Amino acid sequence: MWADAGLVAGKDLRIELRSRVALHQVLPFSFVVLVLFAFALDPDRDVLQRAAPGLFWVAVLLTSLLATQRSFAIEAADGNRDGLRMSGLDPAGLFLGKAGAVAAQLLLLEALLLFGVSVLYGIALRSFGLLALTCLLATLGLAAAGTVYGAMSFGLRVRETLLPLLVLPVLAPVLLAATRSFEAALGGAPRETFGWLGLLAAFAALYAVVGLFGFGPLLEES
Amino acid sequence: MTLAVHLRSAVCLLGRYPALAGVDLDVRVGEVVLLAGPNGAGKSTLLRACAGLEPVLEGTAVVLGHDLRVDRRSVRRQLGLVGHATSLYDDLSVLDNVRFTVRARGGFEGSVEPALVRLGLDGRLRHVPVARLSAGQRRRCTLAALVACDAELWLLDEPHAGLDAEGRDLVDQLVGDARDRGRTVIMASHDLDRASAVASRQVTIEAGTARRGPSPVAPVTSEASGVG
Amino acid sequence: MTTTATSTSPARRVSSLLGWASLILVGATVGLGLVLPKTQEQAEYSRLIAVHPPAAWASYVAVGVAAVAAIGHLVTRRASWDRVTIASLEVGAVFTAITLATGSIWGRPTWGVWWEWDARLTTEALLLAVLLGAVALRRSLAPGRGRAVITSVAALATVGLLPVIHFSVLWWRSQHQVGTLLSPDPASNADNPYIVAMLLGFVAFSVLFAWLVVQRVRIEALEEAYDEVLLDRAITDRRAEARPASEVPV
């Protein structure tokens, strides 16, 4: 299983390196979202600063949608979805590989976005350890859940419109918990993060389990 | 006499449409069978059902010893399916694609290079991203992956389509090679003259069922030549 | 071969029994709610205690039943479990919507506005979105074993999600207010008749839930039977397309 996961993750990341979709399209998209928030809200910096953690995570959420869509789009080139099924790869390994590649790309994007938020909204970053841990746990959850729902909608022609409807309500708790964790960390109350981090871990664990066991049947039957 | 494929009254649906409405088919190991029939007859669906991609709803379906009605996934490592669309990653090179397919199967990596050479994809072409290749070259890439994986059962859906004369000859040679190595080939084709030269038997598919067809006149020789 | 509930007598009797029981119980609950004296603070709106917490309870029951049925299907691969899963998901969505509507109406006089991000209501709102997504997913899939498996996985994901949603929203709101204004805690509406109305409501809505699920399962079974008939006809037509003497095995 791990060998297959490594093979698939390597393949996905190599495709990203060659096509640079995350770099040239997804990253600018998330920065545009940050800028749009600034336009929508009071230009008075206080509002942006208070809302910054939430806005950051909304941007990350929307970005994860794009990343997940892309992860499955590359498997369905030519309208041909048989490649994954015919490959002979272990489905649990497939799930780990795909989710892992999405998670890796998201983590990189989040690091850049964090830098963007601190500059654009004037946030002083502190408690890097807790911020990083929040990002890690939240990202694992986003990648796992996104990959599960991506597989559910993989075979459908309405995939592009159905996936956001399916996945955004599911990701709402991640948004909530990650935002609160960021607020606590940035606000100098590190102990308050622990409950939220626990929630993020529980979410990631739930969808990791669903993905490991369900990805195979989902892929076959969609 | 071992059967590579054994189907009895197999029913297979595409959505709610019975693409296969009761197919009986026996293919012995080492045979090269040609599937002929009009468009919409169910040839592609038959190949996909043998590959375990489409569930068989009724009847019996045993491929390479695996009962497809019980588990249709495990047989896939032992066979190769080449269809109209390619299962290639556009952004990866020819070499990367073939290597990935072989590794995913747990195949022998040393067979990648000879396969590329055989299909004329060595040299400069091997590092070109698949998206930049012509349709014929992409088909060759898929065939290279098939050859490199050395599957026991080859399922070919109109392999000659879209290829130039040289490409078609190459396909015939590959099928001949496979047959000589004891592999089983089931090929759907509209190019009956060319295909029946390599095939040992022809089966006509009509309206989702199979009926016996005329055998080719020229007996199959053991020479590795596919051209009639 | 599937059997429909319409064709077997005991099942039909159970269904009728449930139907009458739910009609009587819900009627009694509503009647009790209308007859009760109003509280000082909430005036007429307080009557909704007979309906709102029971509706929320029914929505949670629906998710639980869907999860159990999903496991049942994944283990036995029988279609009857799958029908219960989708029925519970759909009926659960209905009860969730009722919870939201009654909660919003109940909160209006207390809050002054139609929505106030109350912990329970927010949880129910998210739950509704997730349930609608699961139903939309099922509607877009062709009937068959595949659809059943995907529905089961979606139902299990939903039930796993529920505690995560619940705690995250609860902790979120607890940071900003002392307690939810719509507390079902009888201590806040300490009069006995209210508790009676609410408990009666719990029973009534549970029975109503069961009856609705039974009806939905029957509809699903009928649809599947109809589908089978169409399929058999399609197979026969397809075979007739081929020329005669075509059944010889090759």
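First chain written, first letter: the chains are A, B and C, and each begins at residue 1.
Here, a contact is a pair of C-beta atoms (placed from the backbone, for glycine too) under 8 Å apart; a residue touches a chain by one contact, two chains touch by 3 or more.
Treat the numbers as computed from the prediction; the structure is a model and nothing was measured.
Participant: Which pairing of chains accounts for the highest number of C-beta contacts?
Facilitator: Most contacting pair of chains: A-C.
Participant: Using mean Cα positions, find the chain sitting nearest the overall protein centre.
Facilitator: Going by the distance between chain centres and the overall C-alpha centre, it is A.
Participant: Going by C-alpha centroids, which chain is farthest from subunit A? Tell me that one.
Facilitator: Farthest from subunit A by mean C-alpha position: B.
Participant: At what distance in angstrom does the C-alpha mean of subunit B lie from that of subunit A?
Facilitator: 39
Participant: How far is the middle of subunit A from the middle of subunit C, if each middle is the mean of its Cα atoms, in Å?
Facilitator: Chain centres of subunit A and subunit C, defined by C-alpha means, are spaced 30 Å apart.
Participant: With chain centres defined as C-alpha means, what is the inter-centre distance between subunit B and subunit C in Å?
Facilitator: Centres of subunit B and subunit C (C-alpha means) sit 48 Å apart.
Participant: Could you tell me which residues belong to subunit A and also touch two or more other chains?
Facilitator: 220
Participant: Which subunit B residues touch at least two other chains?
Facilitator: Residues: none.
Participant: Which residue numbers or ranges of subunit C touch two or more of the other chains?
Facilitator: In subunit C, residues 144-146 touch at least two other chains, as defined above.
Participant: Residues of subunit A touching subunit C in their complex?
Facilitator: The touching residues are 148, 152-153, 156, 158, 162, 165-170, 172-173, 176-177, 180, 195-196, 199, 202-203, 206-207, 210, 214, 217-218, 220-222.
Participant: Show me the residue ranges of subunit B that touch subunit C in the complex, using the header's touch definition.
Facilitator: 8, 11, 13, 15-18, 21-22, 24-26, 55, 203, 206-213
Participant: Quick one: which bits of subunit B touch subunit A in the complex? Just the residue numbers, please.
Facilitator: 48, 51, 53, 73, 76-77, 81, 83, 85-92, 96, 100-101, 103-106, 129
Participant: Help me check something: in the complex, which residues belonging to subunit A touch subunit B?
Facilitator: Touching subunit B: residues 4, 7, 11, 14-15, 18-19, 74, 77-80, 82-83, 85-89, 216, 220 of subunit A.
Participant: Write out the stretch or stretches of subunit C touching subunit B in their complex.
Facilitator: Contact set of subunit C toward subunit B: 142-146, 227, 230-231, 234-235, 238-239, 241-243, 245-250.
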